[in-house]
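Reviewing the structure listed below.
For reference, chains read A, B, C and D in written order, and residue numbers begin at 1 within each chain.
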Amino acid sequence: MTADLIGLIAGTLLTLLVLSYILGDNPLYRLALHLLVGATVGYGVAVTTVTVLQTVLPALQSDSPRVRALIPLVLGILLLFKGFPRWSAWGNFSTALLVGVGAAVAMGGALVGTIIPQIAAVGSLNVWLREGSAGLINGLIVMIGTIGALLAFAFAVPRQPALRRLWNGSVGVLGQIGRLFLLAALGAAFGTALTASLTVLVGRVYAVVMGIQQLLTLIGMSSG
Amino acid sequence: MIYCPKCGTANRQGSKFCNECGAPLPATGLRCPMCGAMNPAGNLYCDRCSARLIPAERVPPEEEKPERPSPPKGISLPSVPLGEEEWLSELRAEALDLAPEEETPGWPGELEAPGEPPTPETAIPEWLAELEAPAAPPAPEAAIPEWLAELEAPAAPPTPEAPPPEAAIPEWLVGLEAPAAPPAPEAPPPEAAIPEWLVGLEAPAAPPAPEAPPPEAAIPEWLVELEETVPEAPPPAEKPTPPLAGIPVPPSGEIPEWLRDVEFAPPIQEEPSAQPPPVAEVDVHAGMPSASTTVPPILIEGEEEILSTAPAEIPDWLKEAPAEAPPEYGGLVPAEIPEWLRPLQPREGVAVEEEPTETEGFLSGLRGLLPIGKGLDMPATAQPLLPRAPRPAAVARAELLQGLLSRPLITPPTAEIREAPRQSGWVLTRFLVGVILLAAILLPMLVRLPLFGPPTAPTAEALFATVNQLPGNTPVLIAWEYGPAESDEMDRVAGPLIEHLLRREARLIVVSTRMEGPAAAEALLASRLVDPSERSRRIANLGYLPGQAAGVREALGNLGGRTEAMTGLPASQLDIMADVHSIADVGMVVILAAQPDDLKTWLEQISVANPNVPVVAGVSARIELISTPYLAAGQLRGMVAGLTGGAVYERQLDTGWGREYEYYLTSLGMAQLAIAALTVIGALIFLVGGRKR
Amino acid sequence: MTSILPWLLIIIALGVLLWTAIRARRGPVPSTRPLPAFDGLPAELGHSAESGAPILFTLGSGAIGGDRTLTSIAALETLEGVADAAVAYGTPPLVAVGDPTILPLAEDIFLRAWNRRGTPERYNPTTVQFIGIQPTVYAAGVANLLLHERAHAHVLIGSMDEEAALVTHAAEGRGIPQSVAADRLPALGAVYPADAQLAIGEELYAGPARIAALPRYIRSLRAQDVLRFLVVFLILMKVLGLW
Amino acid sequence: MDRLVKRILPTSIAVGTGLLVLLGYLLPVPPLASVRDELIRWAVIIAAFAFILGFFNLLRVHSGRARKPGGIYSVILILTALTSLVLTLAALLIPSLRFLGDWWFRYVLSPLQATVAGLIAFVLAVAAFRLLRHRREAGVLVFLVAALVVLLGTLPLPAPAGNWLANLRTWWMNVPAMAGMRGLLIGVGLGVLLVGLRVLTGSDRPYSD
């Protein structure tokens, strides 16, 4: 039972240390932060190495072609050369594979996961009409907003004055409207982020209050 | 000058394209530390002044030979104006990296067409443009920032083939001009652009005896009469001598007053036969602390051992030269003359011409004073004390002084970083907002505030109904996609759902693509499971799946192959996993997600692996709206979202945790109200209060 | 239609890149609109050299190899744009990375910059610092750097979520001028109210073009604009029910 | 030899693996999909080694800083990192020491990470208060309205105001905010696409010297 008690005290104390940042930056918060960064990195290294060992080692012994597990191991060890400036060139193969695979995964995700679905999700006239006049209005607003937000980012501005006036008239105006829709999205993102993190903050304050109450009852119990 | 490979025209230093035909110019490589000339990368010695380019002591082993340095990317700094002073170009090479070279076209897919036009002048703001190296068209004089212009020496000595324009060299220097390096075979090489402060030092000491008779007017008259008296000395052969040692002691006549304190090495017999080693061999840097190699870097706070300043060791010539007091003629203790000097001793028989002692004036009684003559009357037979051309010693000294001058001047700044005045009222607003926030959260916990009505969450009620119909002992796969950072909210969202599943006698199989997921699952399961002994029969924690979507795909295909995190046993041996090998054998999937990407990943993979398995979700309030479309589209059979959803679900189960939810929701509501009020008040204050000062 | 759309986008993008590369031989590439978040960086570099305090670069926690790889690569290319000048000035910046896979690439940038100057031994291995794998911990670590280290300016560019507010809060508290380029919505929402020059979403990918100003980056922006109009066209087609 | 190791080989690896994985996404051909997953698994294993680089970088930075003023914090950080590493390794590898790892996670790591996540709410509140101090453009009012609508929409307020606010919040999230978000996501997608093309055509080579 004492482990939980010590744990409760440690947890409550650490939470208070971090919450003290709200009243002002102080050495206690700085101490708690260094504890946090150290603990997280240590935990991360341990979990990652154990997990990789668990996936790689069985693959080495198993019947499947050994090369499947050997190549990543060799490339991984080569990556460690990046730690020494003199031989960092030997780590280029591993970073090359990471960059190549990562670029393809990100591009695949952007194309298949973001651009196409978002274009399709704008819907079409008959889809909107199904939900009556409100659906049509909302649909139009979404279409104009999306196109406006897209055009708000246009980078190249034509050079010839005539073209530039035409550009400002059309793309420029739509871009300004788009910027308002962007700010609407940013405001909404701000609200949701605030709600989510408030939930966590309330949870932490609640945990501290409960922790102190429990400790008080325990001290009361033992002394009473 | 760079010669265009295609049409041969001469282009300015550091140009990228030929201004005649626009062809890209070859990128030159190494910059010479001595004369600043650009040399092809492979050179060991500079083409112009043949100084050593690569420090002698670290000749790079073969494979580590400096690869042709790829050109500096991004902001290139002002290039070297043609004919710049030598010490200035070296200073520039030290302080501002030079030689902006064209981006060398990379291997295969280099789409960049050769002869790429310079980056558009107009797009880049003028302060960046003037910083940018003058690309093909030599930047007009005006583009060079004025702080750079006046630093630029008057037009430098001309290129070798063009006759040296007289006006370029200051007229008082012209007369003194003497070939510096050993005369190049055909045309007299342009004198190494000796900086005027050095030349000035030189002129009085050694009246140069240039081969070509210098134009009369140029030499100051006090030097003129010296000119005639100096016999036509053969071009002095450079002697590789240590500093100051090269100055021959005048065979006869007293040492001029001002020279006395300069200690002379023993006279060197002039063997005309000894061929002086070509200057190139002379390793100028041998004894000298040249700027790049031995000058210890400067300490800049935060970069400790790399840039620490060790006191520069004082070169020997500096140490003993001034310190030694001139030997008193009179008071000299007669030292015992070494035997190699004896033959030089004047023999008794020869009448030594007694110097007249001064009779009147304040110098009366002294002997060996200079006879009063017209101006500084040098003894008729005085040899030129310093050879016409700057001796390697002089160059070496100059080199040292340059080294001292060119040492990076950036001393650790005294000015503290711009400690902006505490933003007006920053600490105060920060403290006030903090106190108000904490008060809003704590108040409902201490005092019951029936402020908000019971929460309503229709989707949570629908989920409760679905889970209620779950047949007993069905395996349920739970994707635990949240860690400790989100556990406060998600534990209260997932808690009632997990409790309900346990009540329905379901077998829970937990996996996670987040590193801290499995451990967060353990914490909640331990608190919700009634008696721990049933743990092994009811729960299997299959741990962390690295690799986002790929990890999920692999796990869904082969659930049996994983190892159970708690017991370390392979999953297939657990009785709970007896009939579960992949997603196909699972009765229901529960996704507990706090980030939008995790929910999307799992839904995509499950719709591919096993489309007809019922999928439900417990999500954070943050992604409630992003997940509603999945509910509408039928991909999700039910969803509990945020704290309100958790509270409604809890009320259905009435497991006694309701009290906690009520506190929680009231505090959250109060906090949100407080922040909304703060935002509006802040907006009004700053709307009225005006702009940020 | 949806299956060929990805190919359509890729082929058109490659076509535009090739076309602008060929056409670039004749006239200069048209100018791009100013981006305040990046345009002030060269000047800040100079001030940082004068004051001797480094500029802090926060590269976010987008792992290379995952789906946020290209955001981190765009951030690294922007950093590369200032690396040579910063190294020449003698005050290399301080770089904080939130994922171990970004670390070797960021270190290489400075190692190569010092090599180009011919003094590889002056490369300081603590220029790039790995703070912590979990995003919130990373942001708190960077905030601590800003609160207690000497930083002249702060540039946040890369993949972060709402924890970016911790970093901008710390910088604002110390009056350190900062510019933020973020492409994820939670980060943009959290940082918009802060005292920072903002580059929103797609503008993050214009960073290399504004800072490194290499022709191939500017041409890639041109292709981005062309694709933008193609997508608008596709949206209009979709609304009219043509696909 | 030198050029091969430092430039040509890495570039061919990057472009080769990149194209293979991209084809795995775009072409529904089974063997391509398995090649894609295999390469991604390799990338995951290499990323684990990168973590070791990160760990030593952290140790080097903080051991360097330990000697300077305020170095005590760095010493504490290094000690905590090593303790955390040892405890978690023990917990994962030796089932009997499992409780130690759980204890460390539950009573040290969890509270710290959660509370720091909670601090985000505080800094957002301060930023919200000073919103108009920095942003003076007209659009800031749209941002303000959006934030208030979303914030108050979640409150379980009593009937008349509560429902109206909740409906307004749902509409706002589904129409204006959705439009802005969609434009932003597509724009970011295009940016990612272009950087990807530069990497896969070998034009950008962050990995090669």
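Keep in mind that, in the parts below, a residue touches a chain if its C-beta (ideal position, glycine included) is under 8 Å from a C-beta of that chain, and two chains touch if they have at least 3 such contacts.
Bear in mind that the values here come from a model prediction, so they are computed numbers and not experimental data.
J.: Measuring between Cα centroids, which chain is at the maximum distance from chain A?
T.: Computed centres place B farthest from chain A.
J.: Would you mind checking which chain's mean C-alpha position lies nearest the centre of all protein C-alpha atoms?
T.: Centre-most chain by C-alpha means: C.
J.: At what distance in angstrom does the C-alpha mean of chain D lie from that of chain C?
T.: Chain centres of chain C and chain D, defined by C-alpha means, are spaced 15 Å apart.
J.: How many angstrom lie between the centres of chain A and chain D, each centre taken as the mean Cα position?
T.: Inter-chain centre distance comes to 4 Å.
J.: What are the residue numbers in chain C that touch two or more other chains?
T.: Within chain C, residues 6, 9-10, 17, 30-32, 63-67, 70-71, 73, 80, 101, 103-105, 108, 112, 115, 125-126, 130-131, 133-134, 136-137, 140, 148, 161-162, 165, 173, 185-186, 188, 190, 192-193, 195, 200-202, 206, 216, 221, 224, 228, 231 contact more than one other chain.
J.: Would you pick out the residues of chain D that each touch at least 2 other chains?
T.: If we look for residues of chain D contacting two or more partner chains, we find 6, 11, 15, 26, 36, 40-41, 43-44, 46-48, 50-55, 57-58, 64, 92, 105-106, 109-111, 113-114, 116-122, 124-126, 128, 130-131, 133-134, 143-144, 147-148, 151, 154, 173-174, 181, 184-188, 190, 192-193, 195-197, 199, 201, 203, 206-207, 209.
J.: Two-or-more-chain contact residues of chain B, please, as numbers and ranges.
T.: 67, 70, 111-112, 430, 434, 437, 483, 485-486, 488, 515-516, 546, 621-622, 625, 642, 671-672, 675, 692
J.: Assign the assembly's chain-to-chain touch graph to one of these shapes: line, ring, star, complete, other.
T.: complete
J.: Which of the residues in chain B end up touching chain C in this complex?
T.: It is residues 30, 66-67, 69-77, 95-97, 103, 111-113, 115-125, 127-128, 131, 292, 297, 300-303, 306-307, 408, 410, 412-413, 415, 417-423, 426, 430, 483, 485, 515-516, 548-549, 595, 597, 622, 692 of chain B that touch chain C.
J.: So in the complex, which bits of chain A are touching chain D?
T.: Residue positions touching the partner: 3, 6-8, 10-12, 14-15, 18-19, 21-22, 30-52, 55-56, 68, 71-73, 75-77, 79-80, 82-83, 89-90, 92-112, 114-115, 118-119, 121-122, 138, 141-150, 152-153, 178-195, 197-198, 200-201, 203-205, 207.
J.: For chain D, which residues are in contact with chain B within the complex?
T.: 1-3, 6-8, 11, 15, 36-37, 40-41, 43-44, 47-48, 64, 67-68, 92, 95, 98, 101-102, 105-106, 109-111, 113-114, 116-118, 121-122, 124-126, 128-134, 136, 144, 147-148, 151-152, 154-159, 162, 170, 173-174, 201-203, 205, 209
J.: Please output the residues of chain C touching chain B within their complex, sorted ascending.
T.: 17-18, 21-22, 24-25, 27-32, 34, 39, 42-43, 45, 47, 49-54, 66-67, 80-85, 87-88, 90-91, 94, 112-113, 115-119, 121-122, 124, 126, 133-134, 136, 149-152, 161, 172-176, 186, 195, 211-216, 218-219
J.: Touching residues of chain A toward chain C in the complex: what are they?
T.: Residues 25, 30, 33-34, 36-37, 40-41, 44, 79, 82, 85, 88, 91, 95, 98-99, 101-103, 105-107, 109-113, 115-116, 119-120, 122-126, 139, 143, 146-147, 150-151, 153-159, 182-183, 185-193, 196-197 of chain A touch chain C in their complex.
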